[in-house]
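In the two complexes below, chain A is the common chain; its partner is chain B in one and chain C in the other.
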Partner chain A sequence: MVHTHRPESDIALRVKAIESLLVEKGIVDPATLDTIIDAYEHRIGPHNGARIVAKAWVDPDYKQRLLTDGTSAIAELNLTGFSSEHMIVVENTPQVHNLIVCTLCSCYPWAILGLPPTWYKSFAYRSRAVIEPRKVLQEFGLDIPDDVEIRVWDSNADLRYLVLPERPAGTEGLSEAALAGLVTRNAMIGTAQVQPPEPPSTLAA
Partner chain B sequence: MNGPHDMGGMHGMGPIPIEPDEPVFHTEWEAKVFAMSFATFCHFFPVDETRHASERMPPGDYLSSAYYERWLYALELLITEHNLVTPAEIEQRMAELAQGE
Partner chain C sequence: MAIETSNECMSVAQAQALLQQGVDCRGVGDHPPRFQTGDKVRAKVIHPITYTRLPRYVRGKIGTVTKVHGVYVFPDTVGQRLETKPQYVYSVRFAAQELWGPEAAAQDGLYLDLFDDHLDAT
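Up next, the complex of A and B:
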């Protein structure tokens, strides 16, 4: 759903015109455009961030390095990339819940989480996350108790953040890969918590 | 610069528009604007200049435009300011494409 200022057909025509001119003049290569789109649609996404989180959950030394120097610890996993050159990782605990926003535009760790969702880029989120984070989180179905401190981190062009969510109870026996499968994009922005795995239906019945 | 992009703490923006199972791009033009911006800001102008370009969008337009519409504004501003393409060429090509459709 896109609410544009001008008719969508006018915008699409303008974009086509610009594309054909840039290609004709050799300023952009059509194959490069396809590669960029494919990368952000299929290869770069929250599964990268989930690998970082799962490793931190199973490896206390890695977690320490991640919280001390996020940029270097992420580089260890070869996940450094465009728009994620400088990273700070903030840890959720029973006492502290972290939330990430970019009030000025939509700065976001692209290499770690992919491109941001529309809500992250919305005027509502950008304006409200810093003044009424609890209400904002309630709109995501997340009620943070009053005795838990909420810390809001405002990103910028040079510095991006990642939330290290709490590991859910009952996941002690899970492999690192299975743990990564539980970690959602919103949990790494701070608008969700990681849920324990669904019990098998035979046990739930 | 104190402009409409400096949104922290602003009131009246309503509920958060949460869209379940959102695609990475909603339309082909969004994907193309992203890719053309990405391809050019790696080679012709730095990201900071792109941000500054979108912040130069007139406040009324900024506040009534979708995300990739603001990117398109910045892209068009930068490619014309850097003389890669002229505004007249864009208008002429749009007219040609419209006739061809």
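Up next, the complex of A and C:
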């Protein structure tokens, strides 16, 4: 096998150079950096948001609390944290589809969804999501019917948003944990819908 | 420079606390909100050369207050380390057609959280 050396990208090299300078000057403690990276690699991510959604699907009282005061309801599950201090949860229904964007930069509920995907931070998504949300959603594979209202939430201030997606049909018998397994990151941003579980594959006759 | 910031190295314990608790952006207001749910408001036409949370695409546009979020510190001045200037934040709904013209879908809307300093009564 031929060994191919893959050079590091410019941005990775730049980050390394800046990091070693900051450490050298005593501005950044590498142990602190490791703590933060470890948290986002292992503890914080969209599975947190999926737990919130699944609980709202099975517990109508919780759902009510979540939609009325997202911050407190999320705190009940001990899932609040940095960049999710003030939370608003918006519900998708057959009449309303919600989409989250931050046109200013990339404001995003980090404690609940982890770090934002690259496309969320792109200029194209940030400008087009507000101007032509229907077209953007089509490109994500979502055709929103004309009689459905699209609400775009530009989370420009200090409140962060989470979409409560619709629970797919045919999931009545599923446990809360199994439901959480169906919920994707994009569904909680509003660029996807939650799909029902794949039916068990049958052997061809 | 009214807001002092520290250049001290963040410790592991401080990072853990920050991840867990975050940063509370709320402030204290000593007066009732200027607008209520249902009020029509106009986003100001201003062009600050410094930091602002007022997006250009809503300037001059008319929207409706859908919620009064409470009092938060003002990033436009905090970002310059000037003052916290706590003030009400409102969720304002702009019709897609108000922002983008008649080709936008009539039923669609854009929701933006705007600070008191960004808004005028209509």
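The rule is simple: the second predicted complex is superposed on the first by the 184 of 205 C-alpha atoms of A that agree within 3 Å, B and C clash if a C-alpha of one lies under 4 Å from a C-alpha of the other, contacts with A are read in each partner's own complex, and residues count from 1 in each chain.
Methods note: contacts are C-beta pairs under 8 Å (C-beta built on N, C-alpha and C of every residue); 3 or more make two chains touch, one makes a residue touch a chain.
What you see is a predicted model, and the numbers here were worked out from it, not measured in a lab.
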Please work out whether A:11 is in contact with chain B alone, chain C alone, both, or neither, and reply first, second, both or neither.
first
Between chain B (first) and chain C (second), which does A:27 come into contact with in this model arrangement: first, second, both, or neither?
both
With both complexes superposed on chain A, which partner does A:115 reach: first (chain B), second (chain C), both or neither?
first
In this superposed model, does chain C or chain B come into contact with more residues of chain A?
B
State whether A:105 touches chain B only (first), chain C only (second), both chains, or neither.
first
After superposition on the shared chain, which partner residues are touched by A:123: those of chain B (first), chain C (second), both, or neither?
first
Taking the superposition as given, does A:178 touch the first partner, chain B, the second, chain C, both, or neither?
neither
Using the touch definition from the top, say if A:134 reaches chain B (first), chain C (second), both or neither.
second
Applying the document's definition of touch, where does A:153 land relative to chain B and chain C: first, second, both, or neither?
second
Overlap of the chain B and chain C interfaces on chain A comprises residues 27-29, 32, 36, 83, 103-104, 130-131, 154, 157
Which of the residues in chain C come into contact with chain A in the complex?
7, 9-12, 14-16, 18-26, 53, 55, 57, 69, 72, 75, 89, 91, 96, 99-100, 105, 107-115
Going by the contact rule set out above, which residues of chain A touch chain C in the complex?
26-29, 31-32, 35-36, 39, 44, 80-86, 88, 103-104, 111, 130-131, 133-134, 146-159
Under the definition above, what is the set of chain B residues touching chain A in their complex?
5-11, 13-19, 22, 24-36, 38-40, 44, 47-48, 51, 54, 61, 63-69, 72, 75-76, 79, 84-85, 89-90, 93-94, 97-98
Can you list the residues on chain A that touch chain B in the complex?
1-6, 8, 11-22, 25, 27-29, 32-34, 36-37, 40-41, 83, 101, 103-106, 114-115, 117-119, 121-128, 130-131, 136, 139-140, 154, 157
